[in-house]
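What follows is a pair of complexes built around subunit A, which joins subunit B in one and subunit C in the other.
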Partner chain A sequence: MNVAVTPAMIGQVLVSGVLAGALYALVALGLALIFGVMRVINIAHGPLLMLGAYVTYFLYSQTGLNPFLAVPVAMVTLFVVGLLLQRTLVFRVVGAPELSSLLLTFGISIALVNLTQLAFTSNLRTIEYITGSWIVGGLALSKARTIAFVFAASLTALAFVFLRSTRLGKAIRATSQSREVAMVCGIDVGRIHLLTFGLASALAAAGGGLLAVIVAIQPEMGGVWTFKSFLVIVLGGAGNYPGALLGGMLLGLVEQLASLFLTTQLSEVVAYVLLVLVLLVRPSGLLGGRQT
Partner chain B sequence: MTLKMLGALGLAVTVGLTSLPAAAQGPIRIGASLSLTGTYAEPGGYQAEGYKLCERDLNTKGGLLGRKVEMVVYDDQSQPATGVRLYEKLITEDKVDAVMGPYSSAISEAVANVTEKYKKVMVAPLAATTSIFKKGRKYAFMVISPAEVYLEGLVDIAAKRKLKTIAIINEDTLFPKASAQGTEELAKKAGLQVVFKESYPKGNQDFSGLLIKLKAANPDVLAAATYFDDAVALARQMKELDVNPKMTGVTVGGDLPKFQELLKQTAEGIYGASQWEGALPYPGAKEFFDTYVKEFKHEPSYHSAAGYAGCILYGEGVKKAGTLEADKVRDALLALKTRTMFGDYQVDRDGFQTAHKMVLLQWQEGKRVVVWPDDLANGKPRFPR
Partner chain C sequence: MLPRAAFLIGLVVVVVALAVYPVFGTGYGVRAGLQMFMWIALAGSWNLISGLTGYVSFGHVAFFGIGAYAGAILITTAGWAWPLAALAGGAAACLLALLIGYPCLRLKGPYFAIAMLGLNEVLRALVSYFEGLTGGGSGLSLPTLDASRAIYYVMGGLAAAVVAATYLIVTSRFGLRLMTIREDEVAAEAMGIDTFHHKLAAFLLSAAGPGIAGALTARDQGYIEPISVFPLIVTVTMIVMALFGGKGTVWGPVVGAVALFVIQEIVWARYPHAHPLLFGAIIVAVVLLMPRGVLGLLQLRYRLPRTI
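And now, the complex of A and B:
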């Protein structure tokens, strides 16, 4: 019953892998930022992504706004939500043992998911804005996924430029390298933390908004994204920002190739086997941790 | 005075007359647990309404054995363990006269152990898994068609159109697995060649690898044993990856209005399987539909209809037996062969349903059209999708 794999099929999965990988990288970058700067593992990252998806969905369904234009609005909204979360809750666990931050963000995550269920029910929702695909050289390029890819890649690039070239970005990286030295240099570390959480939430929201155009959304959609993002930053090197990019692409490609050569059932297993291998052979991740 | 009022008057007189002996003897109490909260709350709620309407209709027709009927319904929170506890309570503490089945295969399977232990006949109207009825149980009765035949219509239409190849995919859980297996057997029997088979994990959202292989296998027909969420994701990604078999059918999901609401144009041409439709020409189906809408202010689903029919069938068994005694009612239900508003009913020696027919729907211009079987169809299948 097995289908012979042809080069065209491999080409098609590589395309799917790259399209998915860019989204993984975008979302994981947010998680990497928070971990790098605050040493907080943010379990609520996926639920924040889900909120971004809902903001995009409601802007589209209530006002008819182009969903891709709704994504920036979702990012701003979640930036504010991120600031509020950091200001009221998360700042309390920065510098505390990692278990505290795990518990706190786990709690936030449960609250967000259940509040969303309460407010909007757990019904599936879709944005049927753009469907079908472009056929390029025998490869089917899903319109929605391709546009989402372009957005994801641009946003990730922007985030990198911000981190690399702006004063604020440099301050974030400095804080990530050494909190104490950053403080001595006159960087307001508390403010940087605030900004980082806001920024990371905005990146998650961007991922969620783009995802809402591609797949059906529901309140529990975020959980798997927390885990995948975690996988990505461990693969790439925790706290290493370019590593998130590499890890994202790698995860996208590995999943897709595994579902082609093995089965859909096994593709997730393969991703986690890869994680175990990386941890065994190169525990600091492919690009090494915390070099910014 | 209008005809309607005359009818109402007649009804009132009948009720007045027949309720006299009923009051004297006390009501027949029928117990059940239903999933009123939790994961299955949606279908469980429909089933509860079906039971409620059945209670009312039985009573307006004079009750059973001259006694009024009273349903005692508890909430099992969609948990098999809670269901087991509630049936124990119903039978031993509340001492109900009879029981009806809960919602879902999983909970029916669990509580059937209790009802067997106390030798209570249980008509289980919303249990579709074959194995429940093939374990040597004596008192469990099945009403809906089993998982294995959900896509019989799809295979049948394909064979009649002389299509050659079929791909079968399924979510890797109990019901879809049984459904895929059944479809494969039906397909082989019909002379279709199975060219691709794969299962995917529960909650899967990304079908691209699977669909790329499926596209390469180039089947005429795609049979997908799904629940709702995966059916939606699959349909969307098929469109993205330009996968266009001549026929595409899904088990659960394709029958619900929500499927089309979510997918719009993408749902067009897809086949879905249903146990029942309000538009089917079964005796009393239209009346049931209309009364239901009037009573509950929304349309019934097949869960409502199956619940209603199951309860009516139990009543039928009691009437035939002339007693509530389990063994006599059991014999009556085993021998019963009838057509209700839900369709045909006949069971084999194990209480396993053999007569009820699934129907196949196709989404045509945003509407559900029954396209199979021929004698129940209200439209023709459209090709290619």
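And now, the complex of A and C:
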């Protein structure tokens, strides 16, 4: 632990933090969308990410498809799963007390994880498609992580362009600002809810698919991601979509710094302490956001 | 008055029967009774924070686990008697609840639920990290001692205490204030209720039971490890029990715990791997179809008082 910290190590930590942070931002954006539009915290967000990882894994291992090309397929698959979940179950608790939506999505979440365990066992699975690193200016860039970063950053950028510039994206933002006013403007709020849940599930699936290329996957991988996505939203400010970007980068950096100065074993503890500290000091998020 | 008298007589009969059972019961029967008491205490404790105030705790197993570790460490390294160690387990759980509740309950909204969801992972990581104290992943063995019958009575007393506490709270002004927070927290604040301290008090109360139950379970089983005392399924089970019986009621968690425990022992024991799927389905079904649980349905149909 008493290794001297060199500038190169700091550089490495910054790079690794940014690489991880883009993935956090991508996944958290989905959770933030559902929360913004429906006021529902989707506890099943992490398990949906896990499903995306499994779709990617099986496309790669069964058909030999390039895993990065399998990611869009996983996104489409989970988009449909999200539509079905919203259409059959979740829409019933939109507008209900928070307790109902939390418990409902919690029930969905443990059922999804258990179904996956029953179907595919709890064995760890890995995609060994791309290994090794590029050395750039004395810094090692893991090939898999760098490509995943490029994908995650592009998808996040695409999602922002969609939200900012398309009619549908504007309708989603309008609904999250005020459901009633959106209705008065002729927006079919039920349809927006449906699309938002599908879109958020697709974003989670993208995160899961990219993650499957980087690390080993297993059915219980999702729980931590629900928690971390929420932490990213809290860091950025609830209801503040660009805040998710900042929050994601910040979480990535803090975790990497913690693994440099402490140990990787405690990275979840560090994330937790971060959440508690932010809630104590600045509950509206670092950029400030709408109070909930 | 008559149904009330019949209810009280029935209650006394059940309590007496349970009290004399260990005298002639089998070892398996006593162990099963002990577990049933444990589930009543756990489901009832979850109900105190989540059923009464509406703040969902997804990590109540953390208090069970911290109680188990505190109790086990005090018994093995400090040589405490187990009843004392059980109380210390409850105290440790309350201390943890204070640490989590202070930052997370000041805010309205889902912060508390998510913080409790993450707590589980964190504690498991911490227990594995501080191996010197906890034995790490290889676990902690307690000196052998056959105290199942004694623990049966203590666990039974704990279950009774949780139910009695719930009754006292539900019928008190304190309980009314908690339920006001559940129905409309802004209105509660406007009426002058110090919502933060009320929520915190309910949370501390709800942590004590699982802490004691954890220490008792550690003593009874004689061996603990991170996976055995922090499993997510314990939280899931207590939530399912309280929801199924009827959250926010006095007897709902008891009904849910007894019904689901018995069904689980008889029917589902053959499919242990599918328990989470089943519990997840029950949670979804209860939330959508009977949000007030079995007891809530009975209350509506037979005009029973709120305080059952």
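In the analysis below, the second predicted complex is superposed on the first by the 285 of 292 C-alpha atoms of A that agree within 3 Å, B and C clash if a C-alpha of one lies under 4 Å from a C-alpha of the other, contacts with A are read in each partner's own complex, and residues count from 1 in each chain.
By our rule, a contact is a pair of C-beta atoms (placed from the backbone, for glycine too) under 8 Å apart; a residue touches a chain by one contact, two chains touch by 3 or more.
Computed from a predicted structure; not experimentally measured.
Asker: Let me test your reading of the model: by the given contact rule, A:272 touches which partner, first (subunit B), second (subunit C), both or neither?
Answerer: In the superposition, A:272 touches subunit C alone.
Asker: Which partner does A:97 reach: the first (subunit B), the second (subunit C), both, or neither?
Answerer: Once the two structures are laid over each other on A, A:97 reaches subunit C alone.
Asker: Tell me which partner A:113 touches in the superposition: subunit B (first), subunit C (second), both or neither.
Answerer: It touches subunit C, and subunit B stays clear.
Asker: Mind working out whether A:227 is in touch with subunit B, subunit C, both or neither, as first, second, both or neither?
Answerer: second
Asker: Regarding the shared-chain residue A:13, is it in contact with subunit B (first), subunit C (second), both, or neither?
Answerer: Only subunit B is touched by A:13; subunit C is not.
Asker: After the superposition on A, what does A:245 contact: first (subunit B), second (subunit C), both or neither?
Answerer: neither
Asker: Classify the contacts of A:182 with the two partner chains as first (subunit B alone), second (subunit C alone), both, or neither.
Answerer: Neither partner.
Asker: So in the superposed three-chain picture, is A:200 touching just subunit B, just subunit C, both, or none of them (first/second/both/neither)?
Answerer: In the superposition, A:200 touches no partner, neither subunit B nor subunit C.
Asker: Following superposition on chain A, which residues of subunit A contact subunit B and also contact subunit C?
Answerer: Looking at subunit A, the two contact sets intersect at 224, 263, 265, 268.
Asker: Which subunit B residues qualify as touching subunit A in the complex?
Answerer: 172, 194-201, 203-210, 212-214, 216-217, 228-229, 232-233, 236-237, 239-242, 258, 262-266
Asker: Report the residues of subunit A in contact with subunit C in the complex, numbered from low to high.
Answerer: Residues 41, 43, 89, 92-93, 97-100, 102-104, 106-115, 117-118, 223-224, 226-227, 230-231, 234, 263, 265-266, 268-269, 271-272, 275-277, 279-280, 283, 292.
Asker: State the interface residues of subunit A toward subunit B in the complex, per the touch definition above.
Answerer: Answer in residue numbers: 1, 3-6, 9, 12-13, 16, 20, 123-126, 128, 131-133, 135, 140, 142-145, 215-216, 218, 224, 255-260, 263-265, 267-268.
Asker: Of all residues in subunit C, which touch subunit A in the complex?
Answerer: 50, 54, 56, 58, 100, 103-104, 106-111, 113-115, 117-119, 121-122, 125-126, 128-129, 182, 232, 236, 239, 243, 273-277, 279-284, 287-288, 291
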